[in-house]
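Shared between the two complexes below is subunit A, which pairs with subunit B and subunit C, respectively.
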Partner chain A sequence: MKVKVLSRNPDEYLRETKRDLHKTPRNYDPNLHPFESAREYVRALNAVKLERVFAKPFVGNLDGHRDDISCLSKHPKHLSVLLSGSYDGEIRVWDVPQKLCLRSFIAHEGIVRGITYEPNGKCFFTLGDDKTIKTWNTAAPNTPEEEEPINTILSKTVVTGISHHRSKPVFATCGEICQIWEESRSEPIHTYKWGVDSLHDISFNPIETNLLATCASNRSIILYDTRDSGPLRKVVMKLRPNRLVWNPMEAFIFTCANEDYNLYSFDTRYLKKPVNVHVDHVSAVIDLDYSPTGKEFVSGSYDKSIRIFETGKGHSREIYHTKRMQRLTCVLWSLDNKYILSGSDEMNIRIWKARASEKLGTLKPRERTALQYSEVLKEKYATHPQVRRIARHRQVPKHIYNAQNELRTIKQKIKRKEANRRVHSKKGAVPFVPERAKHVVKEDI
Partner chain B sequence: MTKTVRYFTVPSEQQEPIKDVPPKTVRKPRKNIHKHKNKVKPNRKVPLKRIPNPNPKFPGRAPIPEELLEKHSRGEGIDKSGIRTRIHKKKQFDRDLSYEFAQKQAARVEILLTEESGILEADPGETTTQFRQNEIIKNVDITAATKHFELVLRDFGPYRLDYTRNGRHLALGGKLGHVAAFDWVTKKLHFEINVMESVHDICWLHVETMLAVAQKDWVYIYDNQGIELHCLKSLDKVTQMQFLPYHFLLATANDVGYLSWLDVSIGEIVVQYNAKLGRINMMTQNPYNAVLCVGSSNGVVSMWAPNTRDPLAKMLCHKSAISALHIDPKGLYMATAGNDRKLKIWDIRSLTEPLQIYRLQSSANNVALSQKQMLAISMGNVVEVYRDCCTTTANRAYLRHRFNNSVANLNFCPYEDVLGVGSDKGFTSLLVPGAGEANFDAFEANPYQTKSQRKESEVKSLLEKIPSDLISLDPTKISEVDVPSLREKVEATKKLLFVKPPKINYDPRKKAKGKGGSVKIARNKKILQQQAKKEHIKTAKALKSHLLNQRKGNGTQTNKQKSKPKNVLDRFLPKQKSEK
Partner chain C sequence: MAEGKLIKNVLNLNKKITYPKPSRTEPRTEVSEFNLVKSEKGKSNVRVTDLTNALKKVSKQAKVRQRIQSFEKKVKPLPKPLEKVKADRIHRSTAFGKVTKHLDRWNAVVTSNRASNHLTFPLQDDLNLESGKNFTTFRIKSDLQKRLEACDGPSEEVTLEKESKYPLTMQEMLERRKEMMKMKIIESQKAAKARRQKKIKSKKYHRIQRREKTKNQIKEFEGLQQSNPEEALKKLDEIERVRVEERASLRHRNTGKWAKNKQIKAKYDSTNRQELAQQLAISRELTQKMNMDESHSESEEENRTSEVSVNNPNNPWVNQIKTSEEVETFLKGYRKFWEERNSGNEAKVSEVSTDISVPNEVVINENDITEENISNTVKYKDTLSPIHKKKTQDEETTSSDFKETRKKISTSKKRPRDSTSTLKAENDTIPLSKCENTVCLATSHWEVGILSDTDEDECDDIDVLFEKYSDNFKKNLDEVKQSVKVTKKRAPKQKKEQQKAKKPKRNSEDLSFKIQAKRPIIDEPLDENVEVNGKREETGLSLALQQDTYQPTRATKNIDPNDIIRTKPTDLQTELPDLLDLDDNEENDDQRGAIVEAFQDDDIVESFQKEKHDEIESEKPKDINLFLPGWGSWGGPGVIQSKKKRQNRRFIIKFPKEFERKDENKGNLIINEKSNEKVKKHLVSDVPFPFKTVKDFEASIRAPVGNTFVPETAFRRMIKPAVATKLGTVIHPMTEEILLKTKG
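Right after this comes the complex of A and B.
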């Protein structure tokens, strides 16, 4: 007779002292883990609910300006430093994590139109309605009374926007004409002009560094090459583009915020129609900024809301709003890809999290793995109706909700009318025009 | 204006401005790129040939046995031929790779399992059937020997019993009101009370601090000190109870044939309905899918879930009344015993013919299957245990034990080689070597759980409570593609077609005296009703014809050809082959 009965030695299953971790023997036999998929589904549901529960994106605000914020600029080397210019000509330098104003001075008479840092962050340029371009030292003087620009350039024409070259001591301004300046000279080294219309935004390509793009008030986007004597190409839209930003990772893609509530991503190689149309705003989009990863961008609109879009997608993944935030004038995505800064009409600069439910601060390893696991679960069960419903739901202000409904009915009406027209006219007389092709008038070379 | 060629200017654009180019031509340059790539291919670095292992002593990673891979397999995965786009194919391929990796890892981890399951082998010339309990006890170690014990409880039997999910605690319920709970390993008594009522069934809830007792009228919940926590008056005259641990449902069957599911986490009845089976004496759960199986006196086993009021499945198992049934913890096999003195083993997933039919000396009044598929049956005062009886035919009992009085209830203890037997005059714990799963998973059921671990696992499992609507025959349904079956499609169209005409609420205007009159009102109402009916019929007809057209329009080209007006010159066209 040979017999053995299960008898476990408790010492092997119990911890020795109270300071030890509990022993947890595992057995991955599927039979011991019933309802695998159902439990996973419930976990996914919980994960997506918790994500919504913890979605508290507002971090804080910087107040101090006595007029609306007109422009913001991030320091190229320091995450904590932020520059802001306002409509009364004041410039402020902020310490973002401490929410402190480090320095403030009146730089211009009238509105500050643009601020930009020099690539190594030693000085910054401001330009205002008084047609001057001033250079300031980043290091603050001993007393506020000593606040003096290093250099002041008086432009012959109005200047409305500025953009600095990625590496060279060259910057470009726009206004009536596009001017390229060298830091050491008081005269522009190049001027470009295409037609008589004025330009209101300019942006250097961060990768293909000689490339420049501007937005003109005749609803067009013009591309320049600084090595060239004339402008390259332009594309005319149906409504005015307000702002243009290059994708920091893909040299040939830029996105413009448009007056017609949409944002358009263009490929410079094929300007005939945008690569993508990003819809969701219910009023003119004023400003946008790319995340440093180039995968997402943030946009601020006249409808008092901030939206975050993924570059490949047509609809936003997130909307930020507060009761007190008024019309947005400028937005920024911080260089650590974690925060969003927004300046608005009611004199405040707000700090938001880029991912609404992200936990700030360091994560413990177990916490991190738990979050990673729930992230994977959310992705796996994303198409289940319950999960999708919870993940998509956003509470929006009433005025946006109503405007969305109104826009929807308008769109349906147009669609219906077009369909009716198509039915009652000769075949091919009313062609199907894709949404992407609708918003571009023409491309000029 | 001068023009220079830049990196972003596509050559075709330079030569001529494109106007309304169809997308295909735009894509052309892309195709060229691919062609170009193919040309470059031979120049690319060819991966080096793998050099054979110079040292045969270390042949690399150990191969994984096939049966282990099979054990941890989650199925074959989906057929990738149906995926249209390359990127989705790639995504699915990557996903499959990760599943395969997980499967292999799980199979490799088996080597870390510490315990081996028990065995009992007879010497040549002996059979295991002849071994009595005292012989087994003599030959096992002292801790294992303490697992055999007998409680003599003469006054309040017969006893029903229930082990907790981790197999550490035992609850006993005597028919005449004796309720006791204890840690049977250390023999530490939690409580012992007499409820002064008849006790019909006893059942642990999700933790060992709570148990439910079906008493004469209602179900009561006690804690581990014997304090009455709840009296569930919505569950009355309960005869059988089952706790579904992952759904937190206490499923009960009662004297009149009502099935009820009570959510113990919120204390509310989920569903309660009459199964129309009469008094339910036998009920067990399928641990694989949480479906309740009810055996009835006409030999039918029916399976019930809370979201439908009809049985999910019905099986005619015996030609006489069923006397006992049980499903193994893996949810593979069901054992049923009938009054026809037969014992049948069924594959519960296929619901077809029995795998095994055994003829017994007398009809079994209790059956139980263990984690390792050992079968215990009780016939009068005899308990027999069979080994390897599900897929192969067992010729002889593995163990046999005879009691002085008749057996009322028996149950295998999970994760232990122990069979608990409740009889008229007490409780006996029998050693059955090889009955229990040797290696437990501490996150699922842990016999050595401490208080803090119990608390944490309770919270975790509450968070993972599966909604009761997910109970169905196939528990993996939630992770599969939701394709409506043909039957559902037909029913959906039926719903569209066969709708009753709407009822009309006719509210006559208040008219001046002498102007209206009840006759006129009635007439007007009738006219309106007929109008509504006519309209309804009209729309229904339109819908019907539309649906018919849809069905026809799918594959019938011939219809279109027929409908074309015939031209005189058509006769000169080449003849079309008639379709068969």
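Right after this comes the complex of A and C.
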């Protein structure tokens, strides 16, 4: 009797060595793959599930400060160096990958209001509530007792924020007035004033380096040109913008973190209304920072959470929170687009991954292609209900959840009231105002 | 010493205190306002005239003196600078304009980056190749160099890297200076304009300004009319209101030429005074009526149309309400005025040979004006033409009135008639060419006589004409009203279209193409909820969504199409023979017969109906009875449970009786809705955002990506990430080098 068995030549399917590329003959005729879409869907579903499984964004924290963190600054050239200033006037220099504090010293009496590196990274500037602007050498002295600033400038006015020019030895401070300083001089080379309100944040445009924007306490954003003209334009918003950051890849776009729980992206050329409104926070947004690719930005809020937004979208793609993290005071996006650093009220600096489920370190080619493939699949099937549900589901702290519910009811109430008013009034008396047009009060010339 | 000072002070007590001239002591960035003292004018200043007077005696320098004096006449002192607030504003606005223009350079780069599917950071253009630093330039040595080297060893090439003293090159500096100058010029122009406009007191200037403004408004209105009729109506309303108010304040106020002439005579003649008073009374009446009219929407519309098209303040047709009496009284005055004027001019006309080109020009001008009017009121074109006719008609009536009262007037008969007819010729736009010809060829007297003859014919039945025109006018008005209503209805649709059209207009610099959607875009809040004891609490969002989904109750009941089909067909008596059907019917009949024979015993249709009914019944969710035996009553052996209690309504949760099924009105069809329940939750319910049709969306999903289904190269291409970064590399912000440098 003849027994039929499957038999193949082992040369066809076995490799000689482990490293041999084994060529699998494949027939791509779609008729032979009737379940291709179903199989890909299952792969997408698995990929999205694994993404959530591996979503562990918290990398570590840097502790050592003895008071709340007030400001952070990244080194313009080195990824591993981080500067932090705190409310007790202490400055710390960190080695981020090793989570080590390299240097610490008291720089100011009172709160450190701002730190910024010089573009070469050779020294950094700090300013504090004691109305001084101090320059420090990046290289640490031999003993901590020898910590001395290279230069100290006594400012005549209160200074609350600092921003360095991208390439020139020029920096700008804000406070009562906006001042432009030359590094080697002890007097400001320009002072700009428009109105009487004090300014609490300032930032140089990294691309169009002569543009400057400040946030004023009268809810306004003021643009300056440092070349010769000074103040250019003022936008008054409904509530106060806390922080303003320019997009590092799009010269005319800037985003401000606002007191009204939202963030607004503006086009400098059309200031009448924001290009985009980014919602989702449930409390005032304190700080934000753009990713170096200019495609995303991170925001830290008073609601004890960090959110990541894509520039073109109105809702966040990610929320980070931990039980012990308190009110955020500052956030940073690292210059290699991989990490997010956050400083908060409870003296810790936290390191997060920018993409929660990303595998860190170098990847082997096969792994990389597999990850890229699953990324594409997730994108492809993003709207399928199961994929969508899993990908967009997040656990949030109870206070955020409750606040969201409250905000929702408030919004619904406003909407309902407006609709009622519209129904019961003359046609056209209650116009439809787009969301984007609601938040800017006026544009001052 | 001290005494002397004291005496000096005492002596100075009576005098005015004079401040010394300020002198700068220390350079400062801020100049204190207390140091700015107005210097005493004329006292210490050196005048040029004094200097030139000194030159008077020197004959050699006479020319110089003359030149200086002429300069002094020509050159005026610079104007006082604008107020600081205003000057600053101008400064800022020009600077902002410049900056926005400067920023537009980035449009191309930004758009391309936004649109590109794959971006690698750091951007390629960011490569930091600092020329000459890392590479030593190799040079072929000359003979001399070689020989020198042989003499005293290799000479070190000394490259002197001179740090330029100035950060900018000469050219750059010049360019910058040029730009500054340009900006200053623009600024000064604006400042000068503002200053000039502020100063002007002339009423006429402001009137012209206002007129220009209204003209612009009307132009805007025309534009709106085409694109957005609803807005246009609003605009029209506004324009009209302003115009009406102005008109109402001016009409019959005795400000015209006629009235002024009257006023001169009114001193001596009581009738003139009376007429003027009458005019004022009319004006009062008119303005009152205007206010009343505004309450009625319909009459308002009428007013609007009439006022838009007519610019002549003396036109009686402006207001429909005007009675014929009023018209007559008005015309009387008008006619008299013309008589007198003409009688006055008579002598002149006879003396001076009439310039032929003048009336010709007048005609053309008039025509221009009317054309302007037409263009201003495109929508009301229909109403316009009759009004113009009426305008001419108005003039005709003057002539007719004149005829009636001609006997009373002692002035010569020919001249006034002549004049009125010329007036007619001027105003009438219809026989334009004829008029032109006649005027050019011959004296006005002779030809005009003919025209006036035709006038007289028309004037005889003026009342008839009046009625005719008024009817015509009303009809036109109705048409306009209807058209307005129609446009109002159409407005929202058009508005949408207009917005669509508007969008690219606003971003005229927007370089982006219309991107064809490849992947769905999800821009919605995260599905956030709280974990409570391991159990997931339902999200507020989903709850809210549940509340929102409102199921409307079904209006129609289950209708079986079979029942309807069973109704008896009615035969239509037609002459057309249905030849085609005959054969089919025969065949069908055969088949049917066979089937009927085969299933003679069982009724298929009936049985299917029954089956469907059973299916529906079985799938119907049943009422749930929550009754538990023993609750609320005694239990145990021997206790009889009452059936009544079991059927108590309190325990039964009733399911809604009207339950929609998919196969409800479909006759011989049973759809099993439960079969794909498991698949259902994996299926997309509606077309996701950027896609507009199901077909598009399906197309985006259809093609597989994996390397099990597509060749490796295609796979690699398709899985390329949107943003790729290099591990451990700093990504710097964009630099200006990325922009293409253009010449000049």
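Throughout what follows, the second predicted complex is superposed on the first by the 409 of 445 C-alpha atoms of A that agree within 3 Å, B and C clash if a C-alpha of one lies under 4 Å from a C-alpha of the other, contacts with A are read in each partner's own complex, and residues count from 1 in each chain.
What we mean here is this: contacts are C-beta pairs under 8 Å (C-beta built on N, C-alpha and C of every residue); 3 or more make two chains touch, one makes a residue touch a chain.
Treat the numbers as computed from the prediction; the structure is a model and nothing was measured.
**Q** If you stack the two complexes on chain A, which partner ends up touching A:208: first (subunit B), second (subunit C), both, or neither?
**A** In the superposition, A:208 touches subunit B and subunit C alike.
**Q** Which partner does A:280 contact after superposing on A: first (subunit B), second (subunit C), both, neither?
**A** The answer is second: A:280 touches subunit C but not subunit B.
**Q** Under the stated touch criterion, which partner chain does A:28 make contact with: subunit B (first), subunit C (second), both, or neither?
**A** Both partners, subunit B and subunit C.
**Q** Given the touch rule stated above, what does A:322 touch, subunit B (first), subunit C (second), both, or neither?
**A** neither
**Q** Which partner does A:249 contact after superposing on A: first (subunit B), second (subunit C), both, neither?
**A** A:249 contacts subunit C only, not subunit B.
**Q** Give one of first, second, both or neither to describe whether A:12 is in contact with subunit B, with subunit C, with both, or with none.
**A** Only subunit B is touched by A:12; subunit C is not.
**Q** Spot which of subunit B and subunit C makes contact with more residues of subunit A, would you?
**A** C
**Q** With the two structures laid over each other on chain A, which partner does A:405 touch: subunit B (first), subunit C (second), both, or neither?
**A** second
**Q** From the superposed pair, tell me which subunit A residues show up as contacts to subunit B and also as contacts to subunit C.
**A** 26, 28, 30, 33, 36-37, 39-41, 43, 208, 225, 228-232, 252, 268-269, 384, 445
**Q** Provide the residue numbers of subunit B that touch subunit A in the complex, in ascending order.
**A** Answer in residue numbers: 1-4, 6-10, 13, 18, 26, 71-72, 74, 106, 109-110, 113-123, 126, 131, 135-136, 139-141, 143-144, 147, 246, 287-288, 290, 329-331, 415-417, 431, 433, 436-448, 450, 453, 463-467, 470, 475-479.
**Q** What does subunit A use to touch subunit B in their complex?
**A** 1-8, 10, 12-14, 22-43, 46, 208, 225, 228-232, 252, 268-270, 272, 384, 445
**Q** Subunit A touches which residues of subunit C in the complex?
**A** Checking each residue of subunit C against subunit A gives 29, 89, 91-93, 95-96, 98-100, 102-104, 106, 110, 113-114, 119, 121, 180, 183, 519-531, 540-541, 544, 681-685, 688, 700-702, 704-711, 715-716, 718-721, 723, 725-736.
**Q** Which residues of subunit A touch subunit C in the complex?
**A** Of all residues in subunit A, those touching subunit C are 26, 28, 30, 33, 36-37, 39-41, 43, 76-79, 166, 187, 191, 206-208, 211, 223, 225, 228-233, 248-253, 268-269, 279-280, 292-295, 312-319, 335-338, 362, 369, 372-373, 375-377, 379-386, 388-389, 392-398, 400-401, 404-405, 408, 412, 445.
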